[in-house]
Amino acid sequence: VSKAYINQGSQATARRSKLVTSLLSERRLPKDGWDDHSIESFLSEAAMMDSNNFLDNVGVGEREARVYSPLVARRHWNLAHGIGRSGDVAAEQPKAAGSSLLNKLTNLLVADAMRIAGLEDMGPALVLPLATGMTLTLVLLAVKSKRPKTATKVVWCRLDQKTCVKAVLSAGLELVVVSPKLVGDQLCTDLDAVRAAVEAAGPANVCCVVTSTSCFAPRAGDACSDVAKMCAELDVGHVVNNAYGVQATALCKEVTKAWRRGRVDAVVQSTDKNFMVPVGGAVVCSGKGNTEIVDAVRKSYPGRASISPVLDLLITLLSMGSHGWQRCLEDRGDVYGYMRTKLGECVGEFGERLLDTPGNPISIGVSLETHAKLSEDGKDVSFFGSMLFSRCVSGTRVVAPGKRQDVGGVVFDGFGASHDAYPVPYFTAAAALGTTREDVDRFCAQLRKCFKDFRKKAAKRG
Amino acid sequence: VSKAYINQGSQATARRSKLVTSLLSERRLPKDGWDDHSIESFLSEAAMMDSNNFLDNVGVGEREARVYSPLVARRHWNLAHGIGRSGDVAAEQPKAAGSSLLNKLTNLLVADAMRIAGLEDMGPALVLPLATGMTLTLVLLAVKSKRPKTATKVVWCRLDQKTCVKAVLSAGLELVVVSPKLVGDQLCTDLDAVRAAVEAAGPANVCCVVTSTSCFAPRAGDACSDVAKMCAELDVGHVVNNAYGVQATALCKEVTKAWRRGRVDAVVQSTDKNFMVPVGGAVVCSGKGNTEIVDAVRKSYPGRASISPVLDLLITLLSMGSHGWQRCLEDRGDVYGYMRTKLGECVGEFGERLLDTPGNPISIGVSLETHAKLSEDGKDVSFFGSMLFSRCVSGTRVVAPGKRQDVGGVVFDGFGASHDAYPVPYFTAAAALGTTREDVDRFCAQLRKCFKDFRKKAAKRG
Amino acid sequence: VSKAYINQGSQATARRSKLVTSLLSERRLPKDGWDDHSIESFLSEAAMMDSNNFLDNVGVGEREARVYSPLVARRHWNLAHGIGRSGDVAAEQPKAAGSSLLNKLTNLLVADAMRIAGLEDMGPALVLPLATGMTLTLVLLAVKSKRPKTATKVVWCRLDQKTCVKAVLSAGLELVVVSPKLVGDQLCTDLDAVRAAVEAAGPANVCCVVTSTSCFAPRAGDACSDVAKMCAELDVGHVVNNAYGVQATALCKEVTKAWRRGRVDAVVQSTDKNFMVPVGGAVVCSGKGNTEIVDAVRKSYPGRASISPVLDLLITLLSMGSHGWQRCLEDRGDVYGYMRTKLGECVGEFGERLLDTPGNPISIGVSLETHAKLSEDGKDVSFFGSMLFSRCVSGTRVVAPGKRQDVGGVVFDGFGASHDAYPVPYFTAAAALGTTREDVDRFCAQLRKCFKDFRKKAAKRG
Amino acid sequence: VSKAYINQGSQATARRSKLVTSLLSERRLPKDGWDDHSIESFLSEAAMMDSNNFLDNVGVGEREARVYSPLVARRHWNLAHGIGRSGDVAAEQPKAAGSSLLNKLTNLLVADAMRIAGLEDMGPALVLPLATGMTLTLVLLAVKSKRPKTATKVVWCRLDQKTCVKAVLSAGLELVVVSPKLVGDQLCTDLDAVRAAVEAAGPANVCCVVTSTSCFAPRAGDACSDVAKMCAELDVGHVVNNAYGVQATALCKEVTKAWRRGRVDAVVQSTDKNFMVPVGGAVVCSGKGNTEIVDAVRKSYPGRASISPVLDLLITLLSMGSHGWQRCLEDRGDVYGYMRTKLGECVGEFGERLLDTPGNPISIGVSLETHAKLSEDGKDVSFFGSMLFSRCVSGTRVVAPGKRQDVGGVVFDGFGASHDAYPVPYFTAAAALGTTREDVDRFCAQLRKCFKDFRKKAAKRG
């Protein structure tokens, strides 16, 4: 092949490999997302630096990252050593320079993405190949190891999902539930009750307070910064469950305020909900002034771990670039507004209304009072959800009052509403990352059909 | 296209889909491994049963398994919901029938594979998307939750890897180390010392005893069945770390004997080392008579988890079939014998010998006494390992006496040897699953070169 | 897994397989494009109907479609038998029902896509795994086989690309070149000259006339319908080279008019330029009233052929759906207008103008008169193209007057311009399928820089 | 990541990229086959040198290798420009340095592979993305272009496959059929008849003689070298159809002898049958002393062509390496012997025998005389083939006497046997590249069942 053409081709190759070198030197999201060709080529190059991919390697250890199935090897770009060592899940593996590099890079890039989303003054981020619940357990164990032996209680601002309860119990800790208080339609952090709970237990017996940012309406995100100040004052730990809060600027700001003004030991967020990857990863972080617990989690993780959720996140972040990521965030905010408007119009036609929850920038509650009265027993609206599901609408959540539920031995009244006796039945819908205006339109269309069917049935019984 | 041809093609399709139906009805390894085409087609079909892949789905929940990057979606065959629910990591997900099916199936197939390997009378197996160490932590937390509050000590038969120590400490438990006893070249379980340790602590203060099967020579696998009887008698828990023991029939037999004759709460094994998948999964099981802890682990796992390690295992098991899996196991046994013979001949030429460790069917120790004397200070042979590594031999482990190491606050003398004062320096090599006779030959060739170089250097120093 | 979930999953699978059955029964583009998951699943299912993928097949023939490399097998979804038989490239293969099905389907779908693009009253379309040039050769050989033995001349309306010349010569035919006539800026079909050429040779000695639709400006697409009428009258063949004309409605209308009003033996179009697939395929078609040559090509194709270009086309068409395809076509028309406007503005700033070529809806000519005068020798502007290429603009074509070129023994004056003496130097740019408004903007930006640089250099020489 | 690990990883990367540089400098098969990771990485790197993959490229030409579907782009590693230019199918494309490089390399590697197979003193090889039949047509057109205008006849040693007949007719040439002569069981080249045919037509009217090497038993490979000498003497062209002959040393030797001793204009071989890739490619070559026709084919190919068959071949050759390729060839020879032995034993049990065809090293004929007598009408055995096919045996070919067939206007008596009146009915089976001993065993097992069933049915009719 003639030199001129090869030169021109080599220049192209050089331009592309500059992508990699500038990524490795800048250690933050590239401005423009990478194309898949560049991403795969980078992963493939990194994989060649792992010992299982060395040409002529003779492996006579117990663990040589042999992969039986070519199908499996291929889906991981031949990365098989996982991440971490016995001593530290973020540590480099001597046999796996490539995997180690990718892991470090992912931690740096996700930190950059979180900074862009609004988490300022953040310390290092730690991606774990564990979903949010299991990560919370690890974080709680780490906090506990730094607290007095007696500190076995976790004071928790009630949020009706099982995960957090399980995470506390799995860590061998005791749960103290603090109910939110009802203000208008909205359920807000009851700061006095939190303080009372800590003081009743005695701070030395309290491992930490757990607050949450993202949640189902009509619950608002917790007043993390107020709780943070209180925890600093009372000298107890404070863990923030920011499960899917990275996607909402308001929640990120509250978290930032919290670690700037008070005590935050660790913040946990899911990778799937915030970055649109498959379930399986979480990020732990904290303010840059207090990175002790993030370090402890990193160092207490026993053994190695899967690189798979790390890879998913890395690919996604490279593919987005900072521009793409910002666009995702902006679009979500925009769709939230659009959903409030359209959904409000839609349900208004049928005598229902949006719950007023200014403290929740993601989830929207819709009253079902009118329809509850039309239901067979005058109150059960729970099958409204399955009516929607059978119309290909997934993710709505109907909450009818009065359900009692046992979660791992802890009993909740009015389960689902995060409150013993929320006054109205309702359902929720969310404008989460990736939701489009088209989704909203199709949702409203299906919703209208449901309301009409509901009324027809009521009329028949009538 | 003419009917005759289509008919013939349809018959072929039918024969292939019979593979799937017979798998789903028999729920054990197919005799012959499946080809990749059949495997991928099955995964793709299952994925279509998850809500994120429904045509026309409108997702308005917080978690709709949206995947940003097509590259990421593709590597997971569009499976994005993960496995498990808040209440149970093996539970079905309403939104993810396909993922749930694959997860259940994997648990059944791996149980079949383990039965074939020699683990008889086994109860249900539980695959976790966590590597061995983290799984041990979860198991220990589950055992602890069933023991008295005071039971915070873990009596552990020393085995010099950091993972197990970390797993105990991360669970917030205390480690009591029991040294093995030296019998000839071999380090064996010191049953009397174990009993003494439990009694000194008081059984009510002991969470469990932890034994190990697979380990580096010259340590032998623990006498699990004797310990199991003792634990039954003393009424304390017993967890077996069978990290890479599934691959060795002798170790599987010992575990079977243990849960038949005594108390075994749970057995933990790695998926990567036993089934040649990338790092990231483990299997928990127990004898069929005592499945309480496996159940507890399943139900205490907080939240969802990655399906990725499950998929790797499923693909691998389908790809092997029972015949392929048996062949892997037999080949490994054969290669172990071959390695002992060839390695014995090789090192004999240079004045060294194999350590006599009949209780270890995987790892082989080779004395370095002669060469230690030739070393600069008359004893340091540690750089022998890096000489081998620079010759593309990975996985050998040189143990020179006298190293002291702190692991998470626990101090070990003679670290590496699992003994305070093992009498000779040595290195280990393993005939692990997937090692071939060709590997052994190439290993011996490189080893000969190393010995010669070592002697040349010694001669120069003269 | 519980029945309810499996049912729901099965319904989803059923909805998806309805895609396939409705495709096979309707035999035209689905309205909405398919997602990749559905496409791959369909291909995989079809492949299972080929004998090389039968479970338990014993192949003892000369050709059993064995594939050595799994990498190769995978990229073709295990389709290895190719298409066609010795007697007919569109015939079914007994051993390959799946491949045969996919091939037939592709021919039907592409016909539908071409109908949508504006080719009305079209007969069957035949996709060949050959690029345009080689397909033209085959078509010419087929036309010749239907003409008298003496008919060895091809009368061709000059269009300065080598392919058509080569196609004629490779078929062993003689080329008679007819120059277009200059009308304003535009080069149009010289009907009188075509008639004169046929009559000079004697119709019995003429195999066919070859006209072209898509071409570089300032040449306009040929007046195919007028030529068609003339060919009918003179009783000579007529082949239309519609290389990349499917993308432009005006050209499709002219072709339709041609086969409605006169004689068109075959129309040839490239798959890569019209459907955005990799180079390697072409489509032959004709009006539904005269399908003899398409049939003859089909039946004269000797032996089997690659399925690869067929697969590329099938995947692309399924992925587009009719809506997606229409959007592509509309976008292209829109971008053409946008390019004329923006490019006109841009070059006007530098004293140049767009050539007036209303008969060419794809390619745009831009005068370089002003700049030619500024060039070193007062006329050579050829390096303007490389200036653009070095600025990452590919595809412009600078034509300076006076180049003489020999193509396979035929000599052309003023080669490049399709005219012996086009009066002005110029360059061309095209608004081809897939070009975006962003491309146009970036192109104009680079162009401005080039003009400025050009002037700077001229000033220096000054 | 620490420097030491990165260094070690970089060394690994360097070792791997040495594979590429040594391939590019040595330009022949690597000794050991490459792993898929290395192959894909090489292809991906090459693709980045094509303009459609340049970062920031602005394409404003008619053909910018845009690919609509990511699925399509991915299966071609983003190579979309195809190969060749209007003037030469092996020419470099300015816009596609990477594709051009891969194409050149494939031509060189396949030449090396053919040399290893036994084709000595060979000139350059030319891979075409056309299957054998279409390639033969191109070759015949090229030969014709170098012969006198009157030379329109092709003298062909009869071989009953339609492809060659079609190839001649498609080229617009006339077929002169010369029957082989029966010697014992075997059908051999009738040299006198070939000479007589050429002389009857007059050498100036003969384009070329076409001989074949690989064929169905009981026909033997043609005496190419004798025909070559005769063609030199008579001054007519000579094309060898070596369709699947590369896999048999004896046939390669005969071809070598032919171009060493006489006239051979071109030799055509299929890529699928000789190298186990999907249908779609062929290789044209000739002795190094006479490369005129290969050059002419290269230069007469009109326009561009698909790179896909070239890629398949390249991947396969890299994956085999010279050692792997030699092993394939040796295994095939071995399986041929094994099949003769086992098949002979098997059919002997049922009163049939192998036909004695020492001149055919691939295909084996088995008499069906005994069974023909048992058939309904005392002679029809044709359904024996479908009995085998319904037992999953593909590729056998039953030839019953007396079939008359019209192929494109040429009529053959006794079609299938390559002889007007072959004395016995028979079937054929082949030991082609990739056939295994296990295939032979399973074939014989099914064959025994067939014979038994056949006899049962005959007995019933009794």
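Should a chain be cited, it is by its letter among A, B, C and D, assigned in written order, with residues numbered from 1 in that chain.
Just so it is clear, a contact is a pair of C-beta atoms (placed from the backbone, for glycine too) under 8 Å apart; a residue touches a chain by one contact, two chains touch by 3 or more.
In this text, all values refer to a predicted model and were calculated from it rather than measured experimentally.
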| item | value |
| --- | --- |
| Co-neighbours of subunit D and subunit B - touch as defined | A, C |
| Set of chains whose contacts include both subunit C and subunit A | B, D |
| Rotation angle (°) superposing Cα atoms of subunit A on subunit D, nearest 5 | 180 |
| Gap in Å, rounded to a whole number, between the CA centres of subunit C and subunit B | 58 |
| Between subunit C and subunit D, centroid-to-centroid distance (C-alpha), Å | 30 |
| Subunit A, residues touching no fewer than two other chains | 36, 40, 51, 54, 56, 70 |
| Subunit C-facing residues of subunit D, complex | 36, 39-40, 51, 54, 56-72, 75-76, 79-83, 85-87, 95, 129-134, 136-138, 141, 144-145, 161-167, 169-172, 214, 216, 244, 272-273, 275-281, 300-309, 312, 315-316, 319-320, 328, 362-363, 392-397, 407-408, 429-435, 439-440, 442-443, 446 |
| Residues of subunit B touching subunit C in the complex | 1-2, 5-6, 8-10, 12-13, 15-16, 19, 36-37, 40-41, 44-45, 47-51, 53-56, 70, 74, 78, 92-94, 97-98, 100-101, 104 |
